[in-house]
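Naming follows writing order (A, B and C), and every chain is counted from residue 1.
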Amino acid sequence: MATSFPFMLDGETHLVTIRARRPRLVVEVDGRCYTVDEDPAADGTTRLAIDGRAYDVRRTREGDRVHVKLDTTNYSVGYQDPVTAAQHDAGGDDVLRADMPGVVVSMTATPGASIASGDVLLVIESMKMQINVVAHRDGTVETVHVEVNQSFDKGAELVSLHPSN
Amino acid sequence: MLDSLLVANRGEIACRVLRTARAMGLRTIAVYHHADRGAPHVSLADQAIELDSEVPTSAYLDIPQLVAAAQSAGAAAVHPGYGFLAENAGFAAAVEDAGLVFVGPQPDVIRLMGDKVHARAFAAEAGVPLAPSALMEGTLEEFLASAREIGLPLLIKAAAGGGGKGMSIVHDAAELAARARTAMSEAERYFADGRIYAERYVERPRHIEVQVLGDGRGNVVHLFERECSVQRRFQKIVEEAPAATLPAELRARICSAAVTLATRANYRNAGTVEFILAPDGEFYFLEMNTRLQVEHPVTEMICGVDLVEAQLRIAAGEGLPWTQDAITTTGHAIECRVCCEDPARDFLPATGTARVLRLPHGAGVRFDGGLGEGQAVTASFDSMIGKLVCRGEDRRQAIDRAVTALGELTLLGVDHNIDYLARVVDHPAFRAGELHTGFVAEHADALGTPRLDADQRAAVVIAAALGVDDFRRLAWDIPEPYASIGAWRN
Amino acid sequence: MARIQSSIQTGAAEFRRHYAHNRRLAAELHAKQRQARFERPARDVERLARQGKMMPRERIEKLLDPGTPFLEFSTLAANMAYGGEAPGASCITGIGMVQGREVILCAHDASIKGGAWYPLSVKKIVRCLDIAIENRLPVVHLCDSAGGFLPLQSELFPDKHMAGRMFRNQSILSKMNVKQLALVFGHCTAGGAYIPALSDYSVIVRGTGAVFLGGPPLVKAATGEVVTADELGGCDLHTRISGTCDYPAASEDEAIAIGREIVAQWDVPPKWAIQRDPIEAPYYDPDELYGIIPDDIKRSFDMREVIARIVDGSRFHEYQPAYGTTLVCGYANIWGYKVGILANNGVLFNDSALKGAHFIELCNQNDTPLVFLQNITGYMVGRDYEAAGISKDGAKMIMAQVGSHVPKFTVMCHGSFGAGNYGMCGRAYDGRLLFAWPNHQIGVMGGEQAAKTLTEVKLKQLERAGDAVDQATLDKVYNETLEAYQHQLSAYYSTSEVWDDGILDPVDTRNALGIGISASLNAPPLERGYGVFRF
């Protein structure tokens, strides 16, 4: 029941919380507890021991992702601050976001337009491939966030649907 | 000798060329778009000139601005790097017309080799082996008829294209017409030239290329071959020199064919002749790249030469730096292209910021990079941000060093393929030299992101959570006695 | 500091009897707490679920930092009032940690009569705001209340420490720069509307949260206007138009997330840095407390055995070990904090009162918080003691204790009878926190003493009137008095009336004191100085 923090790894959400701090930090992930020790090491590396297993860790947070290098392997873990996460839980998916960086080739959506699930709202190009961005539900277009020839990064807001319908 | 050089490029190749030019005592000039203002190549040069352009890539494609920049900076020569205008005959001509030295071949040679159809014809005249092929010169029906004569499987390509666009493999005769139409439309879209051609598709082909240098006066030497069979999306990601396995006699024939072609073209400066090598030992001319290749460092590592220095000396009119006999190889070198992309999602490019960049060190380890810590990786430019090159006394040692160095190479803040590259070079089939251009597809399962068990996933998630300030403060900064009392309720 | 040498024999029959008895009392306490916390009529639970509301304790758990404690106050408030209709006095208060900051949480419990305030609800809420003022603790109000329980309005509205005091205390807190946040999950009706209005920050949940001076029924009665709760005082009205609330939230989860983020913005003023040492667990197992506390209110026991099971390393520096031995005084550490302990080992004589007064002064000289462990039948009575000045010596102890600038804490470990309660920092003496154990009894005198005294008075009356002395009448007086006293003397009655900050399972005493001491240091020391001591 305690507050927990959602982290996404390969499309799966893991709920993380803290169970205890003494004598060692105990972190709970999806209901299983792990003892954790952390010591800073040289050169910006952190020495992390999880249930006694040692890892050399480097990490950085970039937007809603935490890039983690555990020993020699890299992972990209999604994290949203709790307010944003709660908003996404409550507000549903009113905003269509870019799955990948690219540029807008053409725009069909206009604010106020009624749309049906499956309608093409805009066409984007990424890696020299043109991809249709389609409405995932019926509704009304509230805001168009990008224009033709505009480039955008992964996760950028493209089109918002009106939340009430 | 030249006294100054403008490098009309960005990223790792701009840095690579600038380093040699500086070492040779040349005054160096870089060009950059505003988006690259903090990039290493800007600070590496003695002078940097900003190019004005709305779209970042257009800046490096703007011939008048580049020539004007070279003139205003008083540059004696212009090095195009690779990509952008490196194989643009118009650029080479514009540079020469401005009275400057173009570090590369003559414009007409660039033009000749840039056209697949003419290049093939030229190679055929020179006696270089070609795969049976059919060019679309008339109607689609005529093209399909001659294509059928070659026999399946067939490779269909855009005549004017490159980089894998508009390319497709046809195994089934029933699909031929449809595939040809698609290729035509893509060729039209990307290259404004709808002509396509078909050639025999070699199953499990290897990509072997030969580095050549010419003085433009009919003298050509080769610096042996490179193997670039490991490709994704028709683009090379791991290259090596010498080829993983190649009988000496076959190597001699391939290198000789390359020299023949370059000599006949009266080739000047550095170039690469690419071949397809079939499992039966037959090899076919693919194309000639009239520039310094991305993968040139593997040749440098085994030959002990600096190809950029050679380019500059040839451009200065000093002639070929070496006779053929003086060029020998020792050891083995492997290059891994480090790209900001997501191998798990069909290598889609990734964007972000290089928050942490730590390069590997050690014997035989070289990293050619052009991305600085803190610099943004955007969708504007190519996703390749650097190349890790490892040399060993033999192939095994080169691979071992590459695996270790890839593990040490740290880039955080943007998704990349470093782990994927490590899985490629450490794969048993790669170690065994069982290479072909379908390697990545053939071993897709083994090369995929390893599935983690629950505890491993938890370790990753915990490491990530402790990297998020919100969570980190909760973990470590709760004061006493609250931390010790824990989740007690009365 | 030397460890206390315990003389407890855990295998002894008496220990085992006490242990069984006190474990039974603890189990009874936990059963009553569980009932007060969680047992609700199904229809109320269903109604909240239908409204998409969390139970108030879920909200608290989500608001608190994970893996940190919550010291709940007066869980059993009103447990012997209103026919048991208002468990916990329909609110939850306590000290917890949000974003690493110690805060008071004050949550209305809408699963009881829509969160209506009973007189004891008001008393409990006012008390927690007093705690906030005395300790300068920020407050998070979790609002969900229908307002005052109208049938009992005369007991909750007019007087000084009734409903108005909540808003007075809120204003005082704000004036003291102590932050307050209101999370409006449900209705804030009538006076309740002032809780978010007087908070420095407020968040309101769209759809269920509403703030208004008069609810829809009152508005209809007053003006005939028919209006929904949401139109009258909902999220959008208050966050877009009136400005009464600051942040709209689409869900309770979002409100809590916003609330946590708001608290994370608050500065953390430096605490009063008293002497602190590394934390050490007690050497003796606190579980043995069950075997130490007697099963008879009249039986005494060595408080050093209790101290040994509360303090760090069971270490104790005893002051004046040979003088005034019925009051044990000395220094120890609780969760690392240096404290001065005064514990009753029998009736207070002149020397023990003088020792206590002196030790209190020493602790003030040393900036050391005071912990009073009460088991007191009072100051010694009788001619010799009056002649020796027991009243003025007891007064000295009271004067020193009241004049203290250090925080004071009291635990009612057993009996608390008569004037001893005063010297030992009873409820009237502004201790920062006061807790009781389940075996605790409190009164002017013990039940048997009272019954004997009143029987004696009755006998005198009968004799004066010349009536026949009927033993049956006297027995009736004795038994009725004893019964009434037993009822009112019990810890459950005390805590029902909010005469304490809650009943503790004895083994929880160390944690409760640790949190209390830590919280108290948010306030600077009180003004130094004493009144006139009568020598």
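By definition in this document, a contact is a pair of C-beta atoms (placed from the backbone, for glycine too) under 8 Å apart; a residue touches a chain by one contact, two chains touch by 3 or more.
These numbers were taken from a predicted model, which means no experiment stands behind them.
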Chain centroid nearest the full-protein CA centroid: A
Pair of chains with maximal C-beta contact number: A-B
Centroid distance [mean C-alpha coordinates] between chain C and chain A, Å: 45
For chain B paired with chain C, centre-to-centre distance based on mean C-alpha positions, whole Å: 74
Gap in Å, rounded to a whole number, between the CA centres of chain B and chain A: 31
Residues of chain B engaged with two or more neighbouring chains: 474, 478, 483-484, 486-487
Residues of chain C engaged with two or more neighbouring chains: 65-67
Residue list for chain A, restricted to those that touch at least two other chains: 2, 18-21, 81-82
Complex contacts: residues of chain C adjacent to chain A: 58, 61-67, 249-251, 253-254, 256-258, 260-261
Chain A contact footprint on chain B (complex, rising order): 165, 190, 233, 344-345, 347-353, 355-356, 358, 378-380, 406-408, 410, 412-416, 418-419, 422, 449, 454-455, 457-471, 474-476, 478, 483-484, 486-487
Contacting residues of chain B [partner chain C, same complex]: 473-474, 477-490
In the complex, chain C residues that touch chain B: 65-72, 75, 97, 99-100, 102, 279, 335-336, 502, 504-505, 508, 511-512, 514-515, 518
Chain A residues touching chain C - in the complex, by the definition given at the top: 1-4, 17-21, 26, 81-83, 85-87, 89-91
